[in-house]
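Can you keep this structure in mind? I'll have questions shortly.
Order of writing sets the labels: A, B, C and D. Residues in every chain begin at 1.
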Amino acid sequence: MDLIVVMKSSAAGDDVHRVVDRVSELGMKPHISKGEYRTIVGAIGEKTPQAQEQLEQLPGVDQVMSISEPYRLASREFHEADTILDIKGIRIGGPHVNIIAGPCAIESRDVLFDVGQAVKDAGAAILRGGAYKPRSSPYSFSGMGREGLELLKEAGEHLGMPTITEVMDPRDVEAVYDYADIFQVGARNMHNFNLLLEVGKTDKPVFIKRGIAASVTELLMSAEYVLSQGNHRVMLCERGIRTFAEETRYTLDVSAIPVIQGRSHLPVFIDPSHAAGKRDLVPPLTLAGIAVGAAGAIVEVHSCPDRALCDGPQAVLPKNFVRLMEQIRQIADIVGHRVTQWGEGSHPADPLGK
Amino acid sequence: MDLIVVMKSSAAGDDVHRVVDRVSELGMKPHISKGEYRTIVGAIGEKTPQAQEQLEQLPGVDQVMSISEPYRLASREFHEADTILDIKGIRIGGPHVNIIAGPCAIESRDVLFDVGQAVKDAGAAILRGGAYKPRSSPYSFSGMGREGLELLKEAGEHLGMPTITEVMDPRDVEAVYDYADIFQVGARNMHNFNLLLEVGKTDKPVFIKRGIAASVTELLMSAEYVLSQGNHRVMLCERGIRTFAEETRYTLDVSAIPVIQGRSHLPVFIDPSHAAGKRDLVPPLTLAGIAVGAAGAIVEVHSCPDRALCDGPQAVLPKNFVRLMEQIRQIADIVGHRVTQWGEGSHPADPLGK
Amino acid sequence: MDLIVVMKSSAAGDDVHRVVDRVSELGMKPHISKGEYRTIVGAIGEKTPQAQEQLEQLPGVDQVMSISEPYRLASREFHEADTILDIKGIRIGGPHVNIIAGPCAIESRDVLFDVGQAVKDAGAAILRGGAYKPRSSPYSFSGMGREGLELLKEAGEHLGMPTITEVMDPRDVEAVYDYADIFQVGARNMHNFNLLLEVGKTDKPVFIKRGIAASVTELLMSAEYVLSQGNHRVMLCERGIRTFAEETRYTLDVSAIPVIQGRSHLPVFIDPSHAAGKRDLVPPLTLAGIAVGAAGAIVEVHSCPDRALCDGPQAVLPKNFVRLMEQIRQIADIVGHRVTQWGEGSHPADPLGK
Amino acid sequence: MDLIVVMKSSAAGDDVHRVVDRVSELGMKPHISKGEYRTIVGAIGEKTPQAQEQLEQLPGVDQVMSISEPYRLASREFHEADTILDIKGIRIGGPHVNIIAGPCAIESRDVLFDVGQAVKDAGAAILRGGAYKPRSSPYSFSGMGREGLELLKEAGEHLGMPTITEVMDPRDVEAVYDYADIFQVGARNMHNFNLLLEVGKTDKPVFIKRGIAASVTELLMSAEYVLSQGNHRVMLCERGIRTFAEETRYTLDVSAIPVIQGRSHLPVFIDPSHAAGKRDLVPPLTLAGIAVGAAGAIVEVHSCPDRALCDGPQAVLPKNFVRLMEQIRQIADIVGHRVTQWGEGSHPADPLGK
């Protein structure tokens, strides 16, 4: 049974018949239950997306409730076991914890390579860096564009780390595909459905951040957009939601991690940097995310943040990142997870021994 | 003075000197005020976008406050009088109230023409209809695309009404430009900066809806994106924000209308349909919007909403729209505004006699 | 049918039996519907408050949905027609619109009498003034207490106006009962259940403001507390909710007015002053409230607000209040309502001629 | 300098003089800074609570900004070191982590003693149990009252554990004082200022939960109410805020923990049970709270939650609580904290060896 139509206590017999007929017309099988005060019509079978909206407008209908979630490919019902991705030998999801780190924006070759080396040495698995930056102001630095992509690719190859970078525009999908290993779809573009369809047509992993006002269901629907195009390599990320609590830039919704894990097989990361907005809060929030069971964290690190062109106040210094990685490893162990470690050369050494 | 740097009470003299030096380095003029417990450094002059972020990271700094708003072209300081647009003879903004109406999505020629005629007869000035529909689910009806645009153009010409339709993708800007009179940028795309830049390069008016988690300042920054490209024909629209109050789909923030009007010269509309989610709430919310001083409303009307493919539950029936237009006209009068009326043929008759 | 228990698709037959047994044990009648994938158990009859919580914990249960609202006496199902109160000859609710006005806090005899005379002359029906003020800071002015109550009573008698004042503490109910005509329960005390029970035991009307994070259902549950004690003279008030939108002090949720009116027979007012926080926004928000169909508004007026000890920035000046009352009367007419007017002496002249 | 008055760019010289005069009249020392476009007036000295409100209403004033926080006794500036409480030999605050556990409501002697023994054996330091329960519905179980208090006292003495219970009404302060060791002020009463004043006059510790829509500043102001009466034994608790994210009952704002710790010396706990609303989420959220640095957690445990009269779905089973305590101890260690342990008899054994 997919939909439950609750009739008003004042509904007439004709109202019920009309609902029953429309349920049949929509290709579903009606099932009537008469209570003392109200009648309920269950609708069994595959529902069309507009079925619920249409039924709730019929005379005598009080409300129409959907029992099942609107996503399928993203759900645990469709795919029970945790999805584990393999990106250049690094395993993501399940018991594996991976830290993505690097500068917010790619500003210069020097900073990118310095920070990249520092985060790799500390134990980060994946290198981040923005070439296209969505900025609230048209007058702010909006990234180095293709030149930034080239630097990122070069740094990733030099360090032997997979790379992730944001794509904001369907027209940039091809370029980002050529230069980076993972597409990041930012919070502002979680609802950019055409962009999701474009990255869904590629074979590269997609890392989708939750919109600042998006429900967990909506985030999973955005994943569904990518999955529905045949690209099954999707990761999700909680990065803070907008609430009345203005003491932090956003409110990191750590509860979303276990909630999503209960519903979906996809790996879920946490972004403490954008939620906090201040570097002092980044380490404790990262640890909270690992303790709650996240598949990893994406952390902004900068060697000279008070000269950064973007989001400097939330960047962690390399020396503090070293200490943070240490605590991440210990907490991951306690909750039954394992942090990916670098082995000889640039090969990740699997601590799970598989 | 653009920025005020508040030092901590524990800040040392060196800390103050460092701030003063950085203010100068950033091209601004420092101005020190010593209080009993704290020192304050004012920074006078044009600030770079990252100045605030960089200063707040310096040692001994407690906080950095910006006095001025981050938008310019959208502000009343830049353009004191209300902007009044002229779209095919219809004046928008200032004392003029215009109602935009039509079906949510363009589903068929018949519905579009029927509803179009009905809303024009009732007094709507502009015809709406979606050809590209952003939908949370990849399995929902997502609009007729270019075929829908053709129908909209035909209907607009037939009725002599200007038309508005949503553009979601920078790659569709050219097509929408060819077929419609006004670009609508939806709430989900308010932060789609590349899209804003593209419509900003055209000479057609742009109607920007507030994102469901966007502040008034962020909405004005999105307008600034369009204005900064040379397109000064921008309208704004409050359409409900996401809050804990789940009894309505969104919470219509009527206060945003006078708040925006105090800060900006751009016309501000209200969208009661998407906020309410239920047709019974649409008339009272429309009247609230007109009473609070909006430049108009965008209302979804459908002749057969329980067959609609999109958002049927919030569509007003044509007969109820007639009554609503009557009340809109009366309330507009009371708050010193005037509703655009159709004269002979399809020429708008200016009730203000200008 | 009061509850619908949706079983998981993986639920075993034993799980269903266990639910059926517990439903019976809870004094309700079970009704099983088998779908293709899931079984649903309806529970018919009077439910105990903890029934839903207990059922949702049983093995194999996916979710338990309640069909009916948790309030009874406050609902339209219990009492279909609008409740119309009579307070010293003033009718409240139904088509009657009443404006409550006065200073935020009672600060001095002079200000109270001056403002009282001004708002009565302009057409306000009821005089407001706070003797006990809930303040965020223990160091702020917290009201004149009993001396303020005495002044309010004196002013009400002098002007021939009913009075309303806030009660914050069950221990003050008796004193406020002696001096004022209406108990106001403020937003911070909407969940002060012992206070609600105390005022529910009296025979004086109670005006309950919605908490800043309260749902409409929770507001109606607070009304239920008063109604359940036998006091049926309850009025409700929307005063703004806390959201991320920091441009106003609170976000006035005008949609709540028609939503509550659909569910409850109790009169619903609007408080534009506390929502706005700034006097310029008070007139447009008041008009929005009247246009949306509120039973009235409670407006803070002060003759010298920049000397006020409390909430001066949101107080309207008497001269602006005169103009506002004029517009209120006109808009009330358009939406089929009538503003109470003063007749000879201090008797309200009923514009509806009843 | 306590206040900064920013004049409008259009402000006249007279406007500035008026502000300067009012600043002096309010007992503060004015300090003028002239910028290129605007003048700024600093106000140095002790400010009265209404000073900011009054100044912002003067002609030509754009905004008035306060530099300092409105609380004093709760601030780190007033008391730099962490406050460490001693409650019957148990140390709270600083590096000490304490777990408070027990049933939501006291329902029967058996359940209370069983659960109490179980949580003590697992390592909880303090026993919780509600005798007065605030309930949204007047028809729900509202606690056993004084009989519940007696059971709690008996259980605490039997187990050698300090006890905590909620007080909702100033009239109950005396009774709760006699029977329990810690006053709990619940989220709904965080703004019940008269209650805060009453518990502030006692010498027993007060545990204040953050209101569901309260800012961190407002929570600290509520603490200030207690502190201002001379009771310095205050603990705070983050228990989830109300946001649009309806997947959990409330959104646990873990960031609030380090934010409060930065501003205040008072210990801050976390309540995962009420935030989650579902028992499966309680262990991960507890661990997140400990990882982020909380002074402890308050966890609901029930031996037979599907028979509980209150909040059963969020109660952890005793066997799962044992495992949780183990993880709490390990994570506390990693972040430099120590969980209180029971030694011989009922004496807490200090793991820090002090």
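One rule holds for everything that comes next: contacts are C-beta pairs under 8 Å (C-beta built on N, C-alpha and C of every residue); 3 or more make two chains touch, one makes a residue touch a chain.
Being a predicted model, the structure only gives us computed values, none of them experimental.
*Asks:* Any idea whether A-C or A-D has more C-beta pairs in contact?
*Replies:* Looking at contacts between chains, A-D has the larger number.
*Asks:* For chain D, which other chain has the most distant CA centre?
*Replies:* So the farthest one, by centre of C-alpha atoms, is B.
*Asks:* Residue numbers at the chain C-chain D interface: does the shared fraction exceed half, giving same, or fall under half, giving different?
*Replies:* Counting shared over all numbers used gives more than one half: same.
*Asks:* Round to the nearest whole Å and give the separation of the Cα centres of chain C and chain D.
*Replies:* Spacing between the chain centres: roughly 28 Å.
*Asks:* List the centre-to-centre spacing of chain A and chain C in whole Å, with centres computed as mean CA coordinates.
*Replies:* 40
*Asks:* So the centre of each chain is just the mean of its C-alpha atoms; given that, what is the distance between chain A and chain D in Å?
*Replies:* 32
*Asks:* Multi-chain contacts only, two chains or more: what residues does chain C have there?
*Replies:* Within chain C, the residues that touch at least two other chains are 213, 242-244, 246.
*Asks:* Show which residues of chain D lie in contact with chain A when the two form their complex.
*Replies:* Residues 213, 215-217, 241, 243-248, 251-259, 262, 275-276, 280-281, 284-285, 287-293, 327, 330-331, 334-335.
*Asks:* Hey, which residues of chain A end up touching chain B in the complex?
*Replies:* My answer: residues 49-50, 53-54, 56-58, 70-71, 134-142, 168-171, 188-189, 191-194, 197, 211-213, 218, 221, 224-225, 228, 242, 305-313.
*Asks:* Per the contact definition, I'd like the list of chain B residues that touch chain D in the complex.
*Replies:* Residue list for chain B touching chain D: 1, 4, 6, 9, 31, 33, 35-38, 40, 42, 44-45, 62-63, 65, 67, 77, 242-244, 246.
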